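See the structures that follow.
First chain A sits with chain B, and in the next complex the same chain sits with chain C.
So, the complex of A and B:
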């Protein structure tokens, strides 16, 4: 028997996830390329309009590299991603300008990160408190109201929530601005009032998604014998909730938060479009509507990487919180 | 009596009472409205009949939209596109996803491996992103929207059906049928499919809701159907600018859309809850036979809302 050096389980888990992730992301990038490059739809035509002469279209296509065979363009795209060369915006190129995608996506990425971070920072405590309140009164009026309200809210498309908010808080009351545009060179935090409605929209939908999962976890923990034990020993209810219930419901709660974070991806894209917020989701939608192939590919790949990172981080957090999983993780 | 009749023709128990019944009736009513609506519309769709953003009045029940067209007529017309594509897409989703999941779960081997791998890759992209990429590649049209509905939810459904088939395939009566030498088609048709039917149908309502949200969302973003089509999602985005003049132009289609998603949600929620309750009752009755391992419950108790884009 040869004694092989053993990595700790957590490290093995991480290595396995990184290897699997690299493979999955490569396939995802391929999918992104296939969807945007191989399917019909020609940016040269889209930018130049229907009246463009065939010669003009041909020259723009050459500028864009569209006359190269697909496999060459695919290798260029993947190679570029690996070496950090994100290429140039196709829409700008078709108009004769060179605009590196890397320069275009930086600020929107930061803006979106700010929006998502604010939403998440408000969501986590709000969701924990609401779920705790509902779970400690299972079947009561408060619980039924909260559960019913979140089920109904979960069914609302985010653009509808945003539209209703705008019609109430801008058109009827005129308290809040309807758009959350950020001027050049400023950050979203310079105008906090404009962020209220986008953040509220996202918050409504996050709580609607997360509440039920966290509540279910808390209800389960509340039924455990050690909670009865603590209560019978006269531990104050607040302490029971904080020390016994919260700690043990945290692992499923983190999974619920990961679910919400995944969900934020779709929500953010729509909400940014509604409020004209200069984030990465809005940029993606605008890029698609002008057929900007390169920019769309890059943003989609960046989003896939972030999505994967969030999933992996959530799994790691759960493993940290549930000691039992630390040794099982690598199996 | 009536309930037994409904049950006999295959209507799930959850839809014959309470919120499930209310949701199901609302869905039927809205679908009927969407189909019959175009026949009832009093005004032409594409011609201005009043001032821009005129408020509701006699003969103009919901006022006028951003081009002075009749909101009432356009709302009656606008359900067919969204609901048609969503319902059709959800049906297509099941027609593709169920066979795929059953074959993967029953055959196993490389078919299974490829299916699971493909589903994982699709799940590596957020659902809405996948839909946006399809629209970017193919342009917006009813067919592409239908494809978006299918592809965004296919991986989750296929995996669900596959897991259920794996579970059913290891049951004694399925093994007995195999041992009798029955063909795979017979075993799947007579033993596996009836066993997994409740699992498959439990979240049909939630998938329908997700479908509507995808379709209406893409139309709202201006990446789906094009003006001057009368469509609820499109109407909401078109009339957002005149919400101060005539809020009904955006809120009327919005309310109907919300009614549909909430009703689909109620149906899905009730059938999922009934199913969990039945399972729990069965397990308690069966004692330890159903297995005391808590992980046993994991695949079906997983939240079906994961499919939400």
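So, the complex of A and C:
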């Protein structure tokens, strides 16, 4: 008896996720298209403003293909996405200019990715250390301080944290610039000092969210019998924490990290605006404010792709971390 | 019609609800009791031109101006300009025939304009020795070409021009003289050429991605929604200018607080059209200079006079009497303004200063009773993207309630505003940048006015208006304009509750630019700017 050539379980998992992902993304793109096309008002009015005569509006709408039936436009949009043609900014087109969305979103997407990566790279170790410290001293002063502090911090809106940071580190101390604008042709990394406050603002909120989830997981693991066994067997405390507690608490922690990663890509609109950081969130807001249908649809779809990628990566990480799931994934 | 420059967009934002103006309005409203007076208002900010006007100009440096983003819709073409950051950019690249100055206009590319007999035809004598950025001389052909664009399709100034100019009769008299006949006499016609969409472009120009102008600054680079860099046009006819080497517009800002912080940190030299919230904050900052000037810019509630219940003049009069104007100024403009009296054009020639209106709730009640509209319920549409609009609508709802009128406020997003407000019998408006009463009345109330926000009927007062617009004699014009304004004051659909000031922020080194009645930062004229060391 010969077995059919069998893919490794992980590959099969990935394939399944890709198939599911493709369906999810199609759904997301469809919803985004519907939402932006159903909104009252249109790009022609938004761009022409007080100058909109019925004739001008009609000619702009024709230029934009808005006089085509909706199903036609939908197929064009989805077809474009599938073939990698992201189309042209509707707002620019309405003004008679051709501005490919691919050109518009490149730099902001990179900038947001840089900001997100730096924040995430600092967030993970910081969160693990703080949660580990708090969990190993449950109910102690340090734990209560950290828990109380993060609950309070989680309640602060981003702009409040940002404003407080600006008034301390710019107004009072004048150590840091209050904005993180990135000049043409430069990258955010060219001026690291300018990134300090945006990254700190994001860190405060990320740690506030992540800390509680990771701490709770660690506390649970610490109460497991195998941890007691390890200790009773004389395994050094540092090794207990690293090998038994951290390893087992990581699986739930990864989901918390994924949530933070999603936030860092899609939810940083406020932080970008406050520090004038040229990222994808600000671009999304500007597009929506002038009913730039194509740009808005593309950015939203790109964000959906990123969310899906983050979720898949997180699931993969969990499978790696929890041996039991590795075999389940192959069933 | 062409915009007068639209009002600045407020940072429609997460922050708006907590903005100082909003919070201030709430607090004041709470502490006010029933008198509706503005006793609790903070001291009004005093008008001030901003940067010092003395010193010997120094050449060199880069002037960096921060504007709120218009996104991918930003352009450098005067025909298409409509986003907020477009105005200062095209004004730097191009020149108008006449430019706006406090209280009126002065010659720019035109040296003079003379009315022929009844002001139904005008002869423009053009400035000689003016060079385009590419070195070609400026001549009458450039003006004829630009006028041809106005006469065509798709030019934002077209509708205004086409209602006024008799294009078939436009003639070049010589290389620097052009005759422009009008469809009807207009004594203040040159003021209409000060409009930003009416800037003069080069004969044959079709490429506005690399524009060639006569302006004080020449194109170097441009990224819509991000920034542009222009270099000094050393041969600019203005002569006195050309002090800075470079002019940079940063239009990447989506938040006004971030823009103000950029000024405070030295990353910007000028922030034009500062929100009043930020102005109030910056006023306490010793490292920043605030310019603050009254002008013709106004804030108004708009009643469509052909829609019930506003088709009854008594209802219109009653609503005008219900507004507490001083409270509006102090609470929705943070004091950066003066009370409006339902007329447009404060600081402009022929404005009727003596027509003023005070709150009279009892009179309003009796007018409504007479009209059979006791317990009137209305919906007021407001634009969440405009400075002070939502606050004003909310406050008016409270004030009107004291007269028995129940107003519910409908908030509309800026992207939907222009499409939806036409269907709202009671909405809001804000204009800036008119250089004459003729400009405003011809475009907003004239018979073929496309921007007839109040739906003022073409035949009502048409003769009054035509009479006033065509009058060349100053004293007679004053009388006739008074009659036009008297009619609007008594019967019109505008409730102009405030005139809002132009407010700008400057770095301490900025010279040669001030805030005056012509508009924000000298109506965006940076040709004389220089930086003190």
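The working rule: the second predicted complex is superposed on the first by the 318 of 331 C-alpha atoms of A that agree within 3 Å, B and C clash if a C-alpha of one lies under 4 Å from a C-alpha of the other, contacts with A are read in each partner's own complex, and residues count from 1 in each chain.
Going forward, a residue touches a chain if its C-beta (ideal position, glycine included) is under 8 Å from a C-beta of that chain, and two chains touch if they have at least 3 such contacts.
It should be emphasised that the depicted structure is a prediction, and the values quoted were computed from it without experimental measurement.
Aligning the two structures on chain A places chain B and chain C in clashing positions. Applying the stated contact rule after C-alpha superposition, one finds that A:32 touches chain B and leaves chain C untouched.
Of the two partner chains, chain B and chain C are each touched by A:289.
When both complexes are overlaid on chain A, the residue A:53 reaches chain C alone and has no touch with chain B. In the superposition on chain A, contact is made by A:259 with chain B only, not with chain C.
When the two structures are aligned on the shared chain, A:273 is found in touch with chain B and with chain C. Once chain A of one complex is fitted onto chain A of the other, the partner contacts of A:151 are limited to chain B, with no touch recorded for chain C. Shared-chain residue A:159: touches chain B and chain C both.
Once chain A of one complex is fitted onto chain A of the other, the partner contacts of A:95 are limited to chain C, with no touch recorded for chain B. In the superposition on chain A, A:173 makes contact with neither chain B nor chain C. Clashing C-alpha atoms with chain B after superposition occur in a single stretch of chain C, namely 277-285 (options considered: 61-69, 169-177, 205-213 or 277-285). Shared contact residues of chain A with chain B and chain C: 39-41, 157, 159, 163, 166, 270, 273, 285, 288-289, 291.
By the touch criterion given at the top, residues 39-42, 45-53, 55-56, 59, 89, 91-92, 94-97, 99, 104, 157, 159, 163, 166, 170, 177-179, 181, 183-184, 270, 272-276, 278, 282-283, 285-292, 295 of chain A touch chain C in their complex.
Chain C meets chain A in the complex at residues 1-3, 6, 11-15, 69-73, 75, 77, 80, 82-83, 153-154, 156, 159, 209, 221, 223-227, 250, 252-255, 257-259, 261-262, 264-265, 267, 385, 413-420, 450-451. Residues of chain A touching chain B in their complex: 24-25, 27-28, 31-32, 34-41, 151-152, 154-160, 163-164, 166-167, 171, 209, 212-213, 259, 262-263, 265-266, 269-270, 273, 284-285, 288-289, 291, 293, 296, 300, 303-304, 307-308.
Interface of chain B with chain A (complex): residues 120-122, 124-129, 132-139, 209, 212-213, 216-217, 220-223, 233, 236-237, 240, 243-244, 247, 250-251, 254, 257-258, 261-262, 264-266, 269, 303, 305-306, 308-309.
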